[in-house]
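So, here's a batch of structures to check.
You will see chain A twice below: alongside chain B first, and alongside chain C after that.
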Partner chain A sequence: MNSSRQPMKGEQYFWPLLAALLFLAVWHLSVKWSGTKVFPSPFDVERGMAELVHRGLLVRYVADSLGRVAGGYSVAVLLGVPVGLLLGWYPAAAFVVNPTIQILRPISPIAWIPVSIVWFGVGNLAAIYLIFLASFFPIVVASMNAVRNVPSMYRRAGRNFGLSPAMLIAKVVFPASLPQIIVGLRIALGIAWLVVVAAEMIAIDSGLGYLVIDSRNSGKRYDLVVAAMILIGLTGLALDTMFRRIEKLKSVRWGFRYES
Partner chain B sequence: MERTTAIAHVGSGHFAHGINSELTRQLQAEGIGMSFTRDGNLIRVLENINLEVAKGEFVCLLGPSGCGKSTLLNIVAGFIAPTQGHVRIGGEAVRGPDPRRIFVFQERGVFPWLTVEGNIAFGLSEIPKSERIQRIAHYVRLVGLVGFETTYPQELSGGMKQRLEVARALAVNPDMLFLDEPFGALDSITRLIMRGELLRIWEAERKTIIFVTHDIEEAVQLADRVVVMSARPARIQSVVEINIDHPRDISSRAYLELRDGIFEQIGLAHKV
Partner chain C sequence: MNPRNRIFALLIGWLALISGLHAYLNVNWASVVNDYLPPQKRKFTVAYIPVTCHLACPVTDYISKFSAAGEVFLPKMFQGFPEIKEALISNKVQAAFIVAPLAIALKSQGVPIKVVYLGHRYGSAVVVRKDGPIKTFADMRGRTIAIPSRFSDERLIVFRAMKAFGIKPSEIKMVEMSPPDVAGALAANAIDAFSMGEPFPSQAEMAGFGRVLFHAREYWPDYMSCVLVVRQDMIDQRPDAVQVLVDGIARSGLWLEKGKSYRENAADFVGRFYYNQNPALLRWALTNPLNRVTYSPLAPRKADFDLVRDLMMETGVLNKKIEFEEYVDLRFADHASIKTAWLYEPGSATAQ
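Moving on, here comes the complex of A and B:
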């Protein structure tokens, strides 16, 4: 917040909640006044949500989507961070590899769907592979740049205390670049969550993306379509909130600007 | 007005009385020159620097900003190789940085991802745990950071961060400390306090200290000897011995004479 005024207790929730309620009200009234038969009102969506809970689909689909993201994303982190660290540490290697990365990076993961189906068939593995691809490149690039931005003073101090190159990377370069790497990881997780929905619409028959496309195709259940969309939004928010918690850990917080 | 060289004599001040100078001589810089080319022009930074520093001595390198005194300190510390001459410490040539000689940057050199304890322990990973804990406690006390052991640097003041960096350096028990304008980023009151602290620590631990500054008062308050450097290409213009016991009375005649002498050498009228 920009104002120096201390917010009152509860006030930090009051206004955002009011905005959300206002949004729901506008939505409800537009549906009512336009007399649409296709688009659901918030109450229809609520009933749809209840139906999903009742049929046991809500938890299962959220868990399926999260599971795929967990799979593809963790492989991307485990490979992408070390690759990025090395490319940042050895500029010569980065010089060789960077053009290739920069060409692969702007290709939308959606464009990879046919290829991944050819390689992995219709199923979990294809979706996981797409999520991996989508998050791998941002993680590599963020880690590489993070290493390059480590002040030379820290590296000198590390060398002064007699660290070998491997220890220097582990004890100085990695912790010094961690805040920036975490920003990259957070962005990559957001992308992974976008991509899982797309992948599930095409290559798979479970998960929130599947719920969207299936509800539309089998009986035009737009109440369920919108319910799925809201679940996608809420889960994405939860993932992002989790990451913001990590940013507040004291060993990395120095790298972030916070209004105190 | 510029004399090219002044080979400083060892056995200066009160410290080396009656001791064979060969034994106390710790650092020798011989014929150090540094130049590089930028846009096809040869830029000479340092020229024919000859300097000897005795064990336990406190030497200030004093000169105008950008004169190359920091470059000289980086050469002595082994971070930069000189284009001419060589540095010997304890008889062996300097080939790179070494844990026996720790470089202290301005307070920005502390590691922000480690606590006060973590920073002090940084160079201690190879000592047994019980001794490590003891040493950390000792240096936390020495630099007056008791109660801040688990605090992260971002919550410390500039002066505290600077003391932390000095503690981190001292904890590995080095022979020498190189300080590159360590108090430059501090306000003038904190700077004055820090000088007193540094002298107290120096008197307790007797490390050899080479201290780079552009502040004449600071140099005369701290050093056994002040090495006055000229503008670029930097040469040693003169070496001034400060034969005043600590704590120094900065309004005494001896102090003022030495200070004004250096002001004159640098070519500054001592009037604002």
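Moving on, here comes the complex of A and C:
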């Protein structure tokens, strides 16, 4: 099969769906053959999801988690993109700050939980802080690299036109670095959504991460645990698909022209 | 040596180095070898958490090492009850110290375990900030209190206190927190009170910012918190090994009741070798006063467990009325009741 062949109408839904169904079949058969008393089969998980819908919790939990991610992520974008731009524009500043960033970056949000409880108490603020931490560093690093990858020809051309540094950044460097920044934002959103389970371990009482921890704590409800995992995955897929639409906007489409 | 071979050799050397260091410094060879012994000779793995509730477990392990028969079981430390629950269900540990409501809940959900002995009596308290606004439990209206888990006697004792003061369940906010986090959370004003087992109340007291509002015994005269559970298949296949385990725990309980110097010795070796906690903290929790925690009598009694079961049903964490005989096996406690304390003097190298 030639990989440059355009997919037929409907084919883009058929094959992924078939792969998902195959995966579900393998899962169901493994549960049956191994005779496990704990791990749920796809039908148990589907019953668990129906129970969540019945109790009116499904939409509420998804909305609560999305709200927390939105809060932490937007603060990270508002702070991270300017910081990254500045660090990319002034290499001396990057040289000074970089070791600190690289030290803080690998610290998992779960390791931040005790400290965030002491700073923000138990509740939404601590969870939003953890999500902010998780998404801040990827955004800063991506913006920094995006500015550094802007061809110096653009900068010199802008200076030829007599632009001040502020105008240069606003009118030339920022639009030129936007595609790479968008890629960094997409990755950071994925990380933020991934961290939502850890963030909701801090005595929160709603949300998909809370559902995972709570179902585990209430005895043997592993069907709800796996149901929550699948919901987290599906919502992450939806978020990512939405983000890819942004890449098709006119102001950044030029940056992705080499993608197949 | 060309660069490719050199890199390869370096990688192999690095892998060998960290594997060797890990095997020398970290691996518990006793438990690795134990997994390969035939099933009849395999030692039990007993799970515990670093709380004074479970002190009998490391004490038994330490003292039995000096005795002629050697180590009775392999202890394994966990940091939280959900992990113990999962290890019990998947047979990675054969016995565990868990809270009584969790044992009842697991049994009612079909996990094949039986309660064979208790961990200790008393030893839980509700702690508030020393200079805070809460002077009596009635001030807890509208406040937040931290509990270790919805399946814990610490939660039930709060409900009993609420009943005594006429406070409705909706008027107090309960949050589930892991015990090591609560002292910091109380100091930082994130919570207003916590209800936990020792040594966490002692930790808040010793650090100077906590004050015990009430001990568990004030609202529950025969308070018991943690129990020893054993898997049903172990009870069926190796009852003699289970008896040896219960005997060891019973004798440790009696040893701890012998006097203050024994408790101080226990605080020392448990804090240093098992719990990784400051021995001074454990000393405070065990001796200040001497009846803050008692390790006798530890045989399971029907009245205690029915009370726990009824409180669980009343507060909504249990929906099946389960009878005492279904989840407790009294044979081992009965046979252990004739045992005497370990003959072990602090600092000596022999025990009987």
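We take it that the second predicted complex is superposed on the first by the 250 of 260 C-alpha atoms of A that agree within 3 Å, B and C clash if a C-alpha of one lies under 4 Å from a C-alpha of the other, contacts with A are read in each partner's own complex, and residues count from 1 in each chain.
By definition in this document, a contact is a pair of C-beta atoms (placed from the backbone, for glycine too) under 8 Å apart; a residue touches a chain by one contact, two chains touch by 3 or more.
Nothing here was measured: the structure is a model prediction, and the numbers come from that model.
In the superposed model, A:A203 makes contact with chain C only, not with chain B.
Contact with chain B, but none with chain C, is seen for A:A157 once the two complexes are overlaid on the shared chain. Within the superposed three-chain model, A:K248 lies out of touch with both chain B and chain C [touch as defined at top].
After overlaying the two complexes on the shared chain, residue contacts for A:S218 are found with chain C alone; chain B is out of touch.
Using the contact criterion defined above for the overlaid structures, shared-chain residue A:K32 touches neither chain B nor chain C, since it reaches no partner. Shared-chain residue A:G121: touches chain C; no touch with chain B. When the two structures are aligned on the shared chain, A:V172 is found in touch with chain B, with no touch to chain C. Look at A:R105: by the touch rule set out above, it reaches neither chain B nor chain C. Overlaid on A, the two complexes show chain B and chain C touching no common residue of chain A. Across the complex, chain B meets chain A through its residues 77, 79, 96-99, 101-103, 105, 108-109, 111-114, 122-123, 152-154, 172. Every residue of chain C that touches chain A in the complex is listed here, in rising order: 82, 85-86, 89-90, 105-106, 109-111, 144, 146, 149-151, 175-177, 180-181, 184-185, 187-191. Listed in rising order, the residues of chain A touching chain B in the complex are 151, 153-154, 156-157, 159-162, 171-172, 175-176, 178, 250-255.
Note for the complex: chain A touches chain C at residues 37-38, 113-114, 117-122, 203, 205, 216-220.
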